[in-house]
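Presented sequentially are two complexes of subunit A, the first with subunit B as partner and the second with subunit C.
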Partner chain A sequence: MKISAAREELLAQLQTVSRVASTRAQALSGVQLIAAGGRVELRATDQEIALRVPLTAEVEREGTILLPARLLVDVVRSLSAPSVSLEQRPAEQDVELVAGNAQFHIRTLRSEDFPPFPEPEQEGNVTVPARAFVDTVLRVANSASRDETRPVLTGIMVSASERELRMVATDSYRLSVKETQLEHPLAGGFEANVPARALQELARLVQQVDGETLTVGVRQNQVVFQIGDVILSSRLIEGQFPNYRQLLPESYEHELTIAGGEVTDVVRRISLLAQKNAPLRLSFAPGELTVSSQTPDIGEARESLPVAFQGEPFEIGFNPDFLRDGLEAVGSGDVLLKLISPLRPGLIQSAEDGGFLYLIMPIRLNV
Partner chain B sequence: MIAHLDCDAFYASVELLRRPEPRDKAVIVAHDGPRSVVTTASYAARRYGVGSAMPLSRAKRLCPHAILVPPDFASYKRVSRELWAIVSGRLGALQHLGLDEAYADLTGVEKPVRVLRELVAEVRGRTGITVSVGIGPSRLVAKICSDLGKPAGFVAMGREEAARRFAGHPPKLLPGIGPKSAERLRELGIETIGQLQRTPLETLTARFGANHGADLLRRAHFHDDSPVETERVLKSRSNERTFDEDVASLAELEEVLRRLARELCEGLRRRGTRGRTIAIKVRLDDWTTVTRARTIDAHTNDTALVTEVALELLRAYAPPRPVRLLGVRLAGFDEEGGGAAAPPRNAAQLALPL
Partner chain C sequence: MRLIVARCEVRYTGRLDALLPEALRLIMIKADGSVLVHADHGSYKPSNWMTPPTTIEESDGSIVVRKFAGKEEDRLDIRVVEVLSDVTHDMGEAAALEKDGVESHLQELLAEQPHWCGEGFRLVRREWPTDIGPVDLMCRDGDDGWIAVEIKRVGTIDAVEQLTRYLERIRLDPAMDGCRGVLAAQTIKPQARVLAEARGIACVEVDLAVLRGEREPDLTLFG
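Here is the complex of A and B:
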């Protein structure tokens, strides 16, 4: 194989693709460069997620090579010359990289250990608006679990049908649901539990790559996303995702509308003194909400804001990060806060956008 | 069975070995500067009260005739490699802690005590370094035993014997109980390991939380089932500098921080390591030490990004007094498992009925 490319372009595409390269297995720590049919493609995978991005390059000789991803990124980043050429030297089992006067010989990795990638199929795909899809991901992604011992919760349940996209994520302490209405009906639907990591990677790609539409192909045990010439595939998570509707309380004791930006700011401030797993306390009294926190040996903080609360005063505790995530996911508008009692789940909604729900479990306070 | 092997006054011994002076000389290894601290001291110097991390000025007063040598880490690394190669040649993979100590899992080693005695002699013969050995059923007991016999110690002990024998010692003898925990134990009236052994679990968990409280009690009884981890998992890397003169100018501090961040990132790139948490450490002239950290979205070892965040942290903190030490640290490496760990949980956090 022999190709040459602009350094800027090569670096940008390498940085994009190498994000998914594995940091563990040796063959998977590589980035594969494939020059075929006059095109060049870069590939990386960590076995769960696989990414393919195109590279604008001049192909002098076709072929496939596997190089250590991080080393290659570091080398290309360090170059000052505007163009780079890469030539495979089979006898030496390396690649000669030349840029200006700089010359590198980088040993190739064994391509045989690099897995084949799923090819996009022509049929059974659904095309969705990329921006709407990614915005929906970003509203719920924080709630996905990072605890690998409960794999089913590390995914985001994605459903698409007709004019609606719905995504649900929960780590069992909070649950996020976002339903996005689409302008145009979809030509088909799907439902899949996709690893949150893959969707977050997709969100990053959509922000980088031009492309208004995203093609989604859900197969037996994997999903293939295509945006422009970029293809991201991921295995799907098996197992029964919880039915979130059963978890939503039927009614609430208190429903309060609070100026969104204001309560989020208060929570951010007061959270600074809720360290080492200390809860954030929300004390409701007629006409007033007081947010307070206390960490032994560090200090305490409190701040009140007016709310239209009526009835018996009560106090409820939340994990400060979980509460902040929920408030921030509401966005700019007013927050609708629904509560029952100190040990029952609370619901955060947007006063304007009925499509977003954030159910949050409290922390038991030892008053 | 686990062995802990610990070189006696390692750096000072390496220095003595290549000098003409007799082996029993007082040697202090330290950079010579107005505010440097002792890196290590030979046993001859320790007899005068000189110890590691002591301000050099004080060490010189205590032992004015000591030979002062600047640390030469390249040499220490060379000797360290040679020494541990001898040991692992017979004991297999080791868990290293710094250049001068290591744990070995003795499972499957025939006649381990004899092998260890032979190794100590072989290391001494080939490198000139004396190793103290502790043998026990756990890392905890082994570590304390190696310390017990120093220098040139060779101590083996069972768990129950350790629990009896160290009952009169202060809790801070136990690895994992630092000055802060020791201070909090003292507030509970617990001044010895024996008293800690007799403290009800509830008292400890009420003061230290469920996990830490239970852990303290386990340690007091010398229960430890942590394995010998032969592959070292790097948690963080840092680069810091103590100034010869305290620095008050923010511009000057920023300049130093830029350089520290650049050096740190260069090292990380060589290792192919990226972190997500960028932190600074600032020690003021009154020894107040402050750390500030920020976790960013993606793993990085990019100099520009790390420098930018570190500078923001420094500006946000705005040191209120002259600064004697400034450092930058990168943690949360991606080798740890690709992404952030599960968030810590409050024991009283309620969960949805999934």
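Here is the complex of A and C:
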């Protein structure tokens, strides 16, 4: 194999693809370069996510090589010449990289150990608006669990049908549901529990790649996303995802509309003194909400804001990060806060946009 | 450490008002200014307390504990009706927590409740022998997969290295070549978590008080 490419283009595509390269197995820590049919493609995988990105390059000799991803990125980043050539030297089992006067010989990894990638299928795919898909991902992704001991919760349950795209994520302490109404009906539908990490990677790609539509192909145990010439595939998570509708309380004792920006700012400020797992305390009294925090040996903070609260005063505690995530995910505009009691879940949603729900469990307060 | 067993009424005023009606209670006044009011129930948690720094004023039949939280005053008014016992002990220097004792206790508790290490885990054996030493717990999951669990008070990079070595030895047995690893600790250092995840080892933080049944687990939307 022998190719040459602009250094800037090569670096950008290597940085994109190497994000999914594994840090565990040696073969999976590589980036595969495939030059065939006059095109060059870069591939990387950690066996959960696989990514293929095109590279604009001149192909002098076709072939396939596997090089250590991190090292290759570091080398290309360090180059000053505008173009780079890569030539495989089978006898030496390496690749000669030349850029200006700089010359590198980088040992290749065993291509035989690199797994085959799923090919996108022509049938059974659903095309969705890329922007709407990614915006929906970003509204719920924070609620997905990072605890690998409960893998089913590390995914985002994605459902698409007709004019609706719905994503649900929960780590058992909070639950995010975003329903996005689409302009045009979809030609097909699917439901799959996709690792949140894969969808967050997809969100990054969509922001980098030109393309208004995203093709989604759900297979038995994997999903393939294609935007332009970029293909990201991921295994699907097996297991029973919680039925979110059963988790939503049927009624609430208090329903308050609060200026979203204001309460989010207050929560951000007061959270600074809720450290070492200390809760954020929300004290409701007629006409007023006081947000306070206290961390032993660090200090205390409190701030009040007017709210249309009526009834007996009560206090409820929340994880400051989880509460802030929920308020930020609502976006701009007023926030509708629905509460039952200090030990029952609270609901945060946009007062204007009914398509987003954030259910959050409180923390027990000692006093 | 001063321990007073007294019939008393305790009124807390500050961020909210709370009243403990007149009853027989244990009042602990520690040298660091902590004041704790215990009942003979409610597990290890005091019925009311004040963390240091505090100001303690005592008069006939009354102990007032005050603390300033910002501009506001937190106040514990203890109205003492009858004193049954009032003793003060010099506690000297407190010994550090016995690390091995905690780890051993964690192992005992997790052996009884292996589900805290992972969903569907069941214990096969404590102190599973390898030729370089015993791994704390050997479990199987719902799919009958093997899981070696190493238990630490604090999960560090050394703990990840130790578990990695055990896994290498365990996986030499073809019947256990798919054995996974779980590092369970009260706290896990971020660097250890990164290294563990890079090696495919799961990290689980466990709460000793929850394992002991002394504190209820965090509230969750579902089990």
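Methods note: the second predicted complex is superposed on the first by the 367 of 367 C-alpha atoms of A that agree within 3 Å, B and C clash if a C-alpha of one lies under 4 Å from a C-alpha of the other, contacts with A are read in each partner's own complex, and residues count from 1 in each chain.
Please note the rule applied: a contact is a pair of C-beta atoms (placed from the backbone, for glycine too) under 8 Å apart; a residue touches a chain by one contact, two chains touch by 3 or more.
Values in this document were obtained by computation on a predicted structure and should not be read as measured data.
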Overlay on subunit A: subunit C relative to subunit B, clash or fit: clash
Please indicate which partner A:Gln294 is in contact with in the superposed arrangement: first for subunit B, second for subunit C, both, or neither. second
So, A:Tyr173: does it touch subunit B (first), subunit C (second), both, or neither? both
Tell me which partner A:Asp46 touches in the superposition: subunit B (first), subunit C (second), both or neither. first
Quick check for you: in the superposed arrangement, does A:Asp321 touch first (subunit B), second (subunit C), both or neither? first
Using the superposition on chain A described above, determine whether A:Arg197 touches subunit B (first), subunit C (second), both, or neither. first
Taking the superposition as given, does A:Arg61 touch the first partner, subunit B, the second, subunit C, both, or neither? neither
Classify the contacts of A:Leu71 with the two partner chains as first (subunit B alone), second (subunit C alone), both, or neither. first
So in the superposed three-chain picture, is A:Pro242 touching just subunit B, just subunit C, both, or none of them (first/second/both/neither)? both
Determine, under the contact definition given at the top, whether A:Arg89 touches first (subunit B), second (subunit C), both, or neither. neither
Between 7-15, 79-87 or 97-105, work out which stretch of subunit C sticks into subunit B after superposition. 97-105
Contact residues common to both interfaces of subunit A (with subunit B and with subunit C): 23-24, 147-148, 170, 172-173, 175, 242, 247, 343, 345, 359, 361-364, 366
In the complex, subunit C residues that touch subunit A: 12, 15-16, 18, 45, 48, 51, 69-70, 117-119, 182, 197-200, 202-204, 216, 218-222
Which of the residues in subunit A end up touching subunit C in this complex? 23-24, 147-150, 170, 172-175, 242, 247, 281, 283, 292, 294, 296, 300-302, 313, 315, 343, 345, 359, 361-364, 366-367
Which part of subunit A faces subunit B closely enough to touch in the complex? 19, 23-24, 46, 70-71, 74, 145-148, 153, 170-173, 175, 197, 242, 247, 277-279, 317, 319, 321, 343, 345, 359, 361-366
Subunit A contact footprint on subunit B (complex, rising order): 269, 272, 298, 334-335, 337-346, 348-354
